[in-house]
Amino acid sequence: MTNLGIGLIGYAFMGAAHSQAWRSAPRFFDLPLDPAMTVLCGRNADAVQAAAGKLGWQETETDWRKLLTRDDVQVIDICTPGDSHAEIAIAALQAGKHVLCEKPLANTVAEAEAMTAAAEAARANGVRSMVGFTYRRVPAIGLARQLVAEGKLGTIRHVRAQYLQDWIADPEAPLSWRLDKEKAGSGALGDIGAHIIDLTQYITGDAITEVSGQLETFVKERPVAAEHSGLAGTAGAERGPVTVDDAAVFLARFASGALGVYEATRFATGRKNAIRIEINGSAGSLAFDFEDMNLLHYYDATEDARTAGFRRILATEAAHPYVEAWWPPGHLLGYEHGFTHQVVDLVTAIADGADPAPSFADGLRVQRVLAAVEASSASRQWQEIPE
Amino acid sequence: MTNLGIGLIGYAFMGAAHSQAWRSAPRFFDLPLDPAMTVLCGRNADAVQAAAGKLGWQETETDWRKLLTRDDVQVIDICTPGDSHAEIAIAALQAGKHVLCEKPLANTVAEAEAMTAAAEAARANGVRSMVGFTYRRVPAIGLARQLVAEGKLGTIRHVRAQYLQDWIADPEAPLSWRLDKEKAGSGALGDIGAHIIDLTQYITGDAITEVSGQLETFVKERPVAAEHSGLAGTAGAERGPVTVDDAAVFLARFASGALGVYEATRFATGRKNAIRIEINGSAGSLAFDFEDMNLLHYYDATEDARTAGFRRILATEAAHPYVEAWWPPGHLLGYEHGFTHQVVDLVTAIADGADPAPSFADGLRVQRVLAAVEASSASRQWQEIPE
Amino acid sequence: MTNLGIGLIGYAFMGAAHSQAWRSAPRFFDLPLDPAMTVLCGRNADAVQAAAGKLGWQETETDWRKLLTRDDVQVIDICTPGDSHAEIAIAALQAGKHVLCEKPLANTVAEAEAMTAAAEAARANGVRSMVGFTYRRVPAIGLARQLVAEGKLGTIRHVRAQYLQDWIADPEAPLSWRLDKEKAGSGALGDIGAHIIDLTQYITGDAITEVSGQLETFVKERPVAAEHSGLAGTAGAERGPVTVDDAAVFLARFASGALGVYEATRFATGRKNAIRIEINGSAGSLAFDFEDMNLLHYYDATEDARTAGFRRILATEAAHPYVEAWWPPGHLLGYEHGFTHQVVDLVTAIADGADPAPSFADGLRVQRVLAAVEASSASRQWQEIPE
Amino acid sequence: MTNLGIGLIGYAFMGAAHSQAWRSAPRFFDLPLDPAMTVLCGRNADAVQAAAGKLGWQETETDWRKLLTRDDVQVIDICTPGDSHAEIAIAALQAGKHVLCEKPLANTVAEAEAMTAAAEAARANGVRSMVGFTYRRVPAIGLARQLVAEGKLGTIRHVRAQYLQDWIADPEAPLSWRLDKEKAGSGALGDIGAHIIDLTQYITGDAITEVSGQLETFVKERPVAAEHSGLAGTAGAERGPVTVDDAAVFLARFASGALGVYEATRFATGRKNAIRIEINGSAGSLAFDFEDMNLLHYYDATEDARTAGFRRILATEAAHPYVEAWWPPGHLLGYEHGFTHQVVDLVTAIADGADPAPSFADGLRVQRVLAAVEASSASRQWQEIPE
């Protein structure tokens, strides 16, 4: 089987998740190409060396540009903060490398547009690109999309989506790069709000056309962390400004006329990673919560009123997306499995000469919603999403 | 409309619940007879007077035998401890009064047999009798029985039932009449175990034929309460023996071959009134928990594996038993509504000249299972239920 | 004990609920006055006569003005559609009658202001008034307010509230007075949205200061029902316009800075009466769903991370609001109990010469939020709530 | 770092799970030795070759005895059916190889005794042995054990445990080796009942001393599958006898006096892998369900009644067992992670010269309970567990 050399840039939280995916995918799925964990890239030579040993990468580089010149690397996997996505991705695509880029696609619409244009140009040369909205590949989410596509929900009326975390609810939680607008672009909005925008558009097959939103930074200053590289850190005496939103809420209108209500926050005390999506249609409803990620709740309104009720579907059957490759029914999958499924779909698309989804254009569409929410928060009016 | 005079004996917890039922039933249901809250009976003249005023009874008596001679009383409603059930019920039936008797029917099989014989004899004269297994009349339970009767579960394989409470988990909880074998007959077994025996036989339409059980009294001595009349009390320095079981567990075999597992306890810390029943059949399953008493969970195994799942049926639709008389969907019923439904069914049966269920014979059948569990606990062997 | 004569106007859904409350309250609670179910009022003589017999009222009237002149009536209980609230309530107050008025207080802010002024004027004469936001009196809700008031949640950051029903999700569900702006004032917004506005302000002790909202009528025309008096009806060939909203969504800002997200809809297929409220504070969170109305979920963020978790509090302990009067722990209360508690609080306030809550001024505050949501939907901008 | 050569025997369901564990453990945990996936063993040369390629093993063998002579293999990992456990494990231990043996330890008590004796003998030479009760290493289960060990539950009163599956509820599900007593030893009892016996003894730190049980084979004959090697198969016309139990139920008494109720079945329609454990003590309770495996429910009875309630602990905090090595809070772990934790603990014990748990003696103790349940089912009496 042909090798597919991977170059991964970044080795923190996302880098570890992607590494596990590249390692596991060929062990459970029949891939048409054989991914090789060729090179891990990071700026600090010692740190990247240590990470490569730990995560199982064969070699290291400290300059991502080097990856683009290597013949043994066919895929660039970008797990850096958002401020470097555009530069790396565009260069990689121009160098003829397939690109998997973590979400949000970029920190600005302009960057995302440039990236999408680069992806379109590269596509003409058979170069593939994909943005990492991994949660699409949770089996229960895949099932949700199938049920909507099959018409089981009828006309969609309501979309309600929340992404609730609480990791900075404590005002003494330290600054990290995720609280720095320069690095992260935005706060809860882009980091987690982007996921529920993508997921709801993906599940419904519909597009948000306008929004009315509000951003809020509840805690304006925080202790400066000794290190800025992760979610956690050690608080010191020095304080610095939080330059991104702690929470974002917005109303949305879909092309179909459906009403959306969205909330992304890092201040929902007690909620750790609660991606909650509920969709109500004229013929049925769906509900999902990532804190019970193997479950999809489905209500069929066409059933006899006497026995109708939300079904607790344990999405661990062979009939559910991706599940056949794993364990028997009732043996749960976890967070990291979505990344493995992402690798499966990307590698398959590359081998088939097909376009993987979500595309950079899909990422751009999400970026435009994010920008519209920000604009609406400033203007205190509804804001349309340009098509 | 013809009056139906009620004489209620006992005015503690059960007396209050029955009073609310007699009061509410005609306000929500179209009854064929008009129940009159004629007379409340209790041994202490002052206390019964006060209770009658509070609970809404027109008159009082201190000797239950007086009720049997009153022409304005057609129904004797027995809410006393189990040790007086047989005497009162048999006398009432012989006096031509319809009888509603709280569960368990009696404290011994012999008493229950005599009561059943008396009920049979009275029946020939058009006198009706009923035992108060009220939980049968929770809408979700009624629905469960319907689904089994319709064959939706196929062949029943498993019955698992628990009645979990914790009100004496604290060793300093005081003695009450419910912990006194003379008064109560048994402890958790007869008080709450009786309910799950009745409910599971009712829902499945099947009969337990043999059991292997064990009783346990975890706390052998307790403070003597100032008063013995209720669930609560004030602990003093004096201690007395607990003469009933704190918990009862048993395996059961049904006539159909289904396997049952039962547990009744007052020591399940944190469980307040958790009547949990799960039934697995070849074609489907049902699950119920009284702590969410408006819900029935139903799994249809004949559905497509992709969308099969336990349905959370909110049994508040007009299509569900008894519900049409109450509120719109989603407006929950509570504990006391079962008693109201019991009144509806009893009054209807009296008017129709029909036998209400559960009959004293049904109560006797439960009593025989209780006795077999006790015998098995002593013999450490399986014990058959005589037919 | 002194009698307190009640005159109830209206005998549909709300009338039945209020009747059960007047009947039950003195049977479970020690009231300082003895409510008499004196007179039921409705325009159709035969229908009101039948209803009075069914619901247990002593006499009937067909003209509500007659009630105001009766010496045996001290309380006017208004259960009519919103378009008559103002006229009746103001006249009653001026006649020196205490008033309990169903929510929403009125169909317009102007009416609500006039009613509030009348209530203020009457108050000087010892006349009491109260608006019927009954859900405040669900024990779990009362507990929620206590916990917030005790500071257990710290600084409130997020309020998210949904009132989800589905009774007109079917486009063929017929017109009723609730879909007629003349009668009902608004649709989901005023009927159910009013409840979550009131509940969240009540629980948090905070006030909404501005909103950005959107109303939607998904189904513009519906079959004309044979009768317009209830939730259900029979569809005919004729169709008429729906003049109220099917759904209302809005963002809100509280005086404290907390962010609110609200949604009220009659199109949430599978949700029957789901009043869902979640409140996140710096020190803890609360969650409630009326479809499990006896439960409150509470997260204490000050606990050890190892054992912290949302607590499923079964609000049926004697320590919980109103519960001591009812049943032992784990014996659930239902929808109608809130109405009984409302009667208890009103009668107690009247006897004590105290002001019951929620006052007409509280109702006016809710009305102003409703009006601001409507205005915002039209202007597509944020709208402030006048103080 | 020193290599630790692994030889895995068997490559079906369990072999795949163990392979993923050997592969992942060093990527997330800091292991003191470096496990090498040296050799995979199976009887069919082609099949084992294919499996080795798929699962990532360097070499293959078709005779397990060869593994015992290889210097590059230090650990024998036994994933074969139970009938070969004793022979392989004893030979491996005698050859000085550390042994990880899948559960149940053996098919008979005699075999398990011989294995335990062999483990004891080998231990003197620094050779380690461990039985694969993997569920002990689910973080929520580890937390449960900690809480009990810390006394948070007080005196344990009740243990109730169910292992519910439904994969042969359909009478047409084909025969597999798991339904053949020669291969599997027993059915639901040994396959899944063994897990809940081990888990409850592990969590409570207590031992079952006597049991009263019943086994049942609901479906006596089934279609002969084309292949016998997995859970699934293709039904043919030929039928063969089911020689193991479909379900096992039993009561148990613990050394402490606690009462246990157990149920293991493959006929609980709709339950896929529901390992449900609830433990009630005088000071608190715990509840767990593997279908929500990241959750532990904990009730603290010493809390104020007003706010006491089962806490839904999402066991994904760094403070929870094993979790720190994985993802941020709320990012769930799955079924396979328990196997990875097992590898971590085994490798650590080998490096430390310590005895890993659960030992073969622990496995023997479970085997004796299994045997006592079988004996009790035959004798219809309680059966003591020999010490």
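Note that the chains take the letters A, B, C and D in the order they are written out, and that residue 1 is the start of every chain.
Convention: a residue touches a chain if its C-beta (ideal position, glycine included) is under 8 Å from a C-beta of that chain, and two chains touch if they have at least 3 such contacts.
This is a predicted model, so every value here is computed, not measured.
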### Message
When contacts are scored as defined above, which chain pair ends up with more C-beta pairs, C-D or B-D?
### Response
B-D
### Query
If you average the Cα atoms per chain, which one ends up farthest from chain C?
D
### Message
What's the distance between the Cα centroids of chain B and chain C, rounded to whole Å?
### Response
35
### Summary
In whole angstrom, the CA-centroid distance of chain C from chain D equals 54
### Query
Per the centroid of Cα atoms for each chain, what is the distance between chain B and chain D, given in Å?
41
### Query
So which bits of chain D are touching at least two other chains?
271, 308-310, 314
## Note on the structure
Within the complex, chain C is touched by chain D residues 143, 147, 296-298, 300, 304-314, 317-320
### Task
Over in the complex, which chain C residues touch chain B? Could you list them?
13, 16-17, 19-20, 23-24, 27-28, 54-56, 165, 167, 231, 271-274, 290-294, 314, 316, 327-337
### Message
For the complex, give me every residue of chain D touching chain B.
### Response
153, 157-158, 160, 162, 164, 166, 169-171, 212-214, 216, 218, 247, 249-251, 253, 257, 259, 261, 263, 265, 267-271, 278, 280-285, 299, 301, 308-310, 380-382
